[in-house]
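Below are two complexes that have chain A in common, paired first with chain B and then with chain C.
Our next item is the complex of A and B:
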């Protein structure tokens, strides 16, 4: 990885610490945005431009805007959260350890015999990373891809069902462009 | 040499975006005066006198520019912004207050980096691609930068530390998120039609003729997509009939209520750069970019690239004027109308457009 890659990684780590240690939830959210953008930068240094752009569109551009929206709507004051006990940090550490121990062997076994340079070569040879990602997603991993889209669909249906108002209660004002109902 | 070419390209692209933005500023000031039957800015520099002999030939030009309001809008306004007091509201984070206008401008300027401004040409043995970054997925990059620009507005509204700013920021965030969806779906339909995410290849795909006589422009192949993108893009720029985030009759000035001086002007610069960016996108994606119908220019000649650039910029200026005319013609929407239009009208139409496009692409 180049010099830029190390700088971006340092920014990512620092902002991740900022997410955890900030007392104000809004500042935590800002740090998370910086973290996601830095990760996108790391992807693009590794020539995974499509992944980088997708990261910005989906996480930094859509999900974090929603998070920020909710935090601004609630208008929380700094340090209004409950005091941390000993139980929560232990839980967090356990989850972090389990994620690392699950992900790391998978990453290592897949890329053990490939150097970073070879990976980049592969990406360039397949006429840009968009095509490479598309071929992997809709070729080798098509079942996993479709299954995860099914999970997302279930999530959407669940969210709509939970947030639906009961009939007869006060709803949003009718009579908009579509003439309401 | 490579680095030199890159630096020149960065300089040119930055200047194109800034010049287009300032042109939009002038068009807005003088155009709104024309539409509202006013005179508009016509004083600064209009009566300039000088006894120096070397300034004599320039005087008529300066006077004409003053009479047309160019000097007033481009020089006096920005100088006034620089000299005004820079006010930071009490209790606001100084850093975030200064950061917000930068985030409102920077992503828009960055988006210009992936858009081609002329066809490729050769000069002195070097093949020059007139865009700064030739990443694949350039269209997605524009979308990404558009969604990052929301943060400028959101942070500005929050650091304003008052209800009007916050309400304006919330409105802006909701509006920009809602209208990003149909915009993205139109982009996907275009990608399906031309089979590429690269803006340059999309423009090249439009140079051919359909059945030998109709130019294969985006507007011919994706008429519904064009209408959806025009509406969604105008909502993204938060202007005119869609300027709910800064509705002055309800919210004072919305998210930038607490901004003054140059920071305030930066928000305006971002807005006008966004107009220019959107006009450039429309010209590139739907109106053939530098294509003149039924005319084939030689590939790679520098003068052909220059003609292509002028043709493209003519189209861009046309769309800037169109947006400004729409902004000064139509009254503001109500907020529920805005949301209904985004979610109940544009989104289903964009989805149907995408499905029909995909089916036709497979069938034909």
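Our next item is the complex of A and C:
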């Protein structure tokens, strides 16, 4: 692992912990932005240049702006202060342990005996420039690429339908509790 | 081989942290952000395996994951806003009407 890769990985793990363990959702969002940018750096260390740029534009740009916008709109206070109990943290530790112990041995045993020379030879073939990834996307994966535009269209329509206010209903800000409860 | 497999290990660690976040956090927006982080961890594994295999299929898969994540974030945040409109809270423990 190169020095740059090591630094970026450390930043990614630290900011990931920051997302989970910060009480204020706003600080979690800022940590997530740092995490996504570090991941973009890791992609470019791994020669996936197109994905690194896409990560910055789509994730750290568009999606996180959307998240911050919703946080601002809802104006939440930091953590509710209710106790976590013992069950949830135990559950979380069990989940983390099972993920690591399931996946890591498989990876380790499959790639232990791969020679460095073979890897070097393969590495230059997988350089993800815009041209190379674009040729794949418009060549072998063109149907899936077109279908993904359909997914985005459905996403737009779904988001508008879900967030549309019904006629004549009083929202929480105008003094009513809306529906529910 | 060491270096690329280390990135798979990093992706595993990030996925586990995201899973822990989904389990212990009650704020729906933070849960949503942890899910985004898990998607990102899987993307990193895809990129690392793409380098191991020496072809670009993994990177194309990451592109499609990003498309789905964008659609998911739009709909997920709309659901969170709808939840807030009905309950005046985004705590997942408050949305327990279907709980037996």
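Operating definition for what follows: the second predicted complex is superposed on the first by the 112 of 181 C-alpha atoms of A that agree within 3 Å, B and C clash if a C-alpha of one lies under 4 Å from a C-alpha of the other, contacts with A are read in each partner's own complex, and residues count from 1 in each chain.
By definition in this document, a contact is a pair of C-beta atoms (placed from the backbone, for glycine too) under 8 Å apart; a residue touches a chain by one contact, two chains touch by 3 or more.
Keep in mind that this is a model prediction, so the values were computed, not measured.
Student: Quick one: chain B or chain C, who's touching more of chain A?
Tutor: C
Student: A:105 contacts which: chain B (first), chain C (second), both, neither?
Tutor: A:105 contacts neither chain B nor chain C.
Student: In the superposed arrangement, does A:134 touch chain B (first), chain C (second), both or neither?
Tutor: Neither partner.
Student: Once the shared chain is lined up, is A:72 touching chain B (first), chain C (second), both, or neither of them?
Tutor: First partner only, chain B.
Student: Contacts for A:33 in the overlay, against chain B (first) and chain C (second): which applies, first, second, both or neither?
Tutor: In the superposition, A:33 touches chain B alone.
Student: Looking at A:19, would you say it contacts chain B, chain C, both, or neither? Reply first, second, both or neither.
Tutor: second
Student: Under the stated touch criterion, which partner chain does A:56 make contact with: chain B (first), chain C (second), both, or neither?
Tutor: First partner only, chain B.
Student: Taking the stated contact definition, name every residue in chain A that is touched by chain B in one complex and by chain C in the other, in rising order.
Tutor: In chain A, residues 50, 54, 62, 66, 73, 128, 172, 177-178 are touched by chain B and also by chain C.
Student: If you look only at chain A, which of its residues touch chain C in the complex?
Tutor: 1-2, 5, 9, 12-13, 16-17, 19-20, 25, 28-29, 32, 35-36, 39, 42-43, 46-48, 50-51, 54-55, 58-59, 62-63, 66-67, 70-71, 73-74, 76, 79-80, 82, 84, 88-89, 91-93, 95-96, 99-100, 103-104, 107-108, 111-112, 114-116, 119, 121-123, 125-126, 128, 132-133, 136-137, 141, 144, 148, 151-152, 154-156, 158-160, 162-163, 165, 171-172, 177-181
Student: Mind listing the chain B positions that touch chain A in their complex?
Tutor: 96, 135-137, 140-141, 143-148, 150-151, 154-155, 157-158, 166, 169-170, 173-174, 176-177, 180, 184, 197, 334, 336-337, 339-341, 344-345
Student: Given the complex with chain B, which residues does chain A contribute to the contact?
Tutor: It comes out as residues 26, 30, 33, 37, 44, 49-50, 53-54, 56-57, 60-62, 65-66, 68-69, 72-73, 75, 128-131, 172-173, 176-178.
Student: In their complex, what parts of chain C are in touch with chain A?
Tutor: 1-10, 12-21, 23-27, 29-30, 32-34, 36-37, 40, 43-44, 47-48, 50-57, 59-60, 62-64, 66-75, 77-82, 84-88, 90-91, 97
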